[in-house]
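Next come two complexes, and both contain subunit A; in the first it sits with subunit B, in the second with subunit C.
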Partner chain A sequence: MEPGGGVTPRGVEAARRTEAPWVRTLEAADGVWAVFLQARRRDAHVHVGDVHAPDAEMALVLAKENYARRDPCVSLWVVPARAIRGTASDAADMFEPATDKSYRFGGSYRQQQRVYRGGYSAGPTEDDR
Partner chain B sequence: MSTVSPAGDEAVRLERFTTRIASGDQIEAGEWMPEQYRFEALRLIQMHANSEIMGALPEREWIPRAPTLARKMALTAKVQDEVGHGMLLYRVAETIGRPREEMYAELVEGRARFHNVFHYPAETWADVAIIQVFVDGAAMQTQGALRSCSYAPYSRVLKRICYEEDFHIQLGLDVWRALAEGTPAQRAMLQDALNRWWTPIIHFFGMPDRVSPHTEAMLAWRLKVKSNEELRQQFLRRFVPVILEYGLVVPDPGLRWLETEQRYEYTEPDWDELKRVGRNGGPKSAERLALRQSFYRQHAWVREALSRWSQAAA
Partner chain C sequence: MTVPASSVALGDPAVRAAFREWLLRIADDELAIGHRHAEWTGVGPDIESDVAMSSIAQEELGHARLLYEQIAGEAPGAVDRLAFGRPPSEFRNAVLLEQPNQGWEFSITRLALYEAFESVRFGLLARSGQEPVAALAATLAREERYHGLFAATWLERLAGASVDAGGRVQAALDVAWPYALGFFETTDADGVLLRAGLVSDSAERQRDVWEAAVRPLLERCALTPPVAEPRLGGRRGVHTPALGEMHAAMTEVWASDPEARW
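Up next is the complex of A and B:
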């Protein structure tokens, strides 16, 4: 163990062992910050890239210069890249619906509307002839 | 105890990896990848990053000498974009496994490669127009195609890069038009610059693929999306008309459009020159690397101040 209580590689390994196999920690060097940009108030913050910086304030300065020098931006977030936990990319299967989820979509009901409205306005069908 | 041997496990992973890429899927940072893929991806992206950083230099020389304030501001913005691309790309390369410091050291010490076009001088203001239109135009063919490459972090960064490169080409076309519609001296300067840049630009896409040993593996893994010759033809189709439209002369007397084959025939350039230049043996290689080195040393205090600041705050 290193003095000073820093997270040692061994510590990281131990922490990972307690996590579920579908949880992933981003491998990033010390001082890498993930940058999230909000283009307009109505939009969400979106990950646009990373910067190298010694602290959050400098990360924000560099993020502004690198990611907000041309296109609209109203707010930036920086997060130590190592602090991010995500789902593993080979765990994408878990987002696949186990059963038919079409009942959750408005589009699934449009056909019924067409049938309903069609009954009043349509002329004779092929069968009537 | 696992019944699968490590070697067997590796074969299964490789097959799964290859199938995924063949189906159009992309690989994310931190995922398993074959060593050969890692090597090729790193080589490609590091070379691209180096080229952005070194590519800023020929144009940078013209910032103090730009003819108007508007041109000076636009050129400064363009150079800033290029350096920014370098930063984005080194970060992507880092996700494949090399620290940025190490890659940067390799570049400034002259042990790494960067694109052939950045080893040549930018002698006149017309060279700036040629670089912005034709060099960036050439790069855009390669980078545009690679947006559908198999390494997802690279393809995301390329979208942003291509978006900014489009500004560079439009800016270049404006400089090009101003000179092409200018005085006879300005037109002569433009033609002279075009003459000097033509061969390096034809070289830019590399040798036709039958001579390139990596091509097949690169295409299969989608670290290459189109062959060198396809990209060169795509470039010629887009940019030869720009030259002709303004009544300038294509500096290759052997260039002609083959209607039946839908491609340009051109004079085979001296490929040995490309190899020589690629090994940092171009007319400006040593000077530009020396400039990079001296700036790297001069700016050491900035890097040091940044790290001390965070220590002081802690």
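Up next is the complex of A and C:
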């Protein structure tokens, strides 16, 4: 393969380089798919569990009955669990702020709260009046 | 306000009896396959498919209950009496659906054949003009779509997994196919419903529509339906010994005290 073409060796190299001690690959057996469920149209897809399946189509078919039969669902994603990269558990420290950064939290912005709650609409709402 | 033609038709006792007969077939089909599928609970090939098949079984039993309600009304105990209080000779399910599971490949093959038929039949019921059953049929067809998807997804993978697996699925199809043709067995009721305009397609036409849906799936799986005569009987209450055995297990708890409130 040409350098820089297709799935770039450069990209792979970059990924390897970033797989420093704080990056980990999920430990998962062959054929394990992570299932992400979207409960309503504006919600994020949330990881709800895994299924064993030989391919994506079967993973979706099984995920539907195993994860979407009791609660609302409008969309499912499945991802090979081994394709997921995460931060290592002993890297949790880096998420701890060293100084008070509460001024960054978006919790007091009404518009942002609406987006988080999924009730977002472009027009003015009761809160704005 | 105009009264739908089908409601006028149902004023005729012969048409009403035929329509009841048709609903009873559908409900008995759902009860029979629902019971067989429920036998997979706890022993499915993997936990995910076990849960999915059990959920499908529960939905089929739920469909049976809703259809029995249309026949028996909502009086306390009426549905249970209809489902569990009849002898096997009064069941109208196709004989395919009472057959034991035998193996996963048989249950999946049967489910694929049955769901294609359900799709044809619920379509006809939804167009029967007979409310509230027509609206119910349209609603139930939504759930059946997933059942068909589950069956087709499994069938394609089983059939293509290995030479041995493909042979086993073909053997299951060889057994299931002649029974499946029994879906289209007719009685006097079919003629009555056709003439009254409650059912728009003859049994032959229904079979053509079904085969047009089923054959491409089987071809994708490199499976060939056998050339065989239909195995009939179910629509007339003539069943295989498998129903007697299933009926005994299915009705055991209810029969222990028919008046009990569960």
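Heads up, the rule we're going with is that the second predicted complex is superposed on the first by the 86 of 129 C-alpha atoms of A that agree within 3 Å, B and C clash if a C-alpha of one lies under 4 Å from a C-alpha of the other, contacts with A are read in each partner's own complex, and residues count from 1 in each chain.
In this section, a residue touches a chain if its C-beta (ideal position, glycine included) is under 8 Å from a C-beta of that chain, and two chains touch if they have at least 3 such contacts.
Please read all numbers here as calculations on a predicted model, not as lab measurements.
Undergrad: Let me test your reading of the model: by the given contact rule, A:V61 touches which partner, first (subunit B), second (subunit C), both or neither?
TA: Second partner only, subunit C.
Undergrad: Output check: A:T99 vs subunit B and subunit C. Expected answer is one of first, second, both, neither. What do you get?
TA: After superposition on chain A, A:T99 lies in contact with neither partner.
Undergrad: According to the stated criteria, A:H52 is in contact with first (subunit B), second (subunit C), both, or neither; which is it?
TA: both
Undergrad: More residues of subunit A are touched by which partner: subunit B or subunit C?
TA: Touched residues of subunit A are more numerous for B.
Undergrad: Is A:R24 contacted by the first partner subunit B, the second partner subunit C, both or neither?
TA: Touch partner of A:R24: subunit B, not subunit C.
Undergrad: Just to be sure I read the superposition right, which of the two partners does A:S89 touch: subunit B = first, subunit C = second, or both, or neither?
TA: In the superposition, A:S89 touches subunit B alone.
Undergrad: Between subunit B and subunit C, whom does A:Q113 touch in the aligned arrangement: first, second, both, or neither?
TA: It touches nothing on subunit B or subunit C.
Undergrad: Per the definitions at the top, what is the overlap between the subunit A residues touching subunit B and those touching subunit C?
TA: In subunit A, positions 51-55, 58, 66, 69 sit in both the subunit B and subunit C interfaces.
Undergrad: Going by the contact rule at the top, pick out the subunit A residues touching subunit C in the complex.
TA: 51-55, 57-58, 61-62, 64-66, 69
Undergrad: Which subunit B residues qualify as touching subunit A in the complex?
TA: 28-31, 80, 84, 87-88, 91, 94-95, 99-100, 157, 160, 164, 306-307, 309-310, 313
Undergrad: What residues on subunit A touch subunit B, complex-wise?
TA: Per the touch definition, subunit A meets subunit B at residues 24, 26-27, 29, 32, 48-55, 58, 66, 69-70, 89-90.
Undergrad: Under the touch definition given earlier, write down the residues of subunit C that touch subunit A in their complex.
TA: Spelled out, the residues of subunit C in touch with subunit A are 46-49, 51-52, 55-56, 146, 149-150, 153-154, 157.
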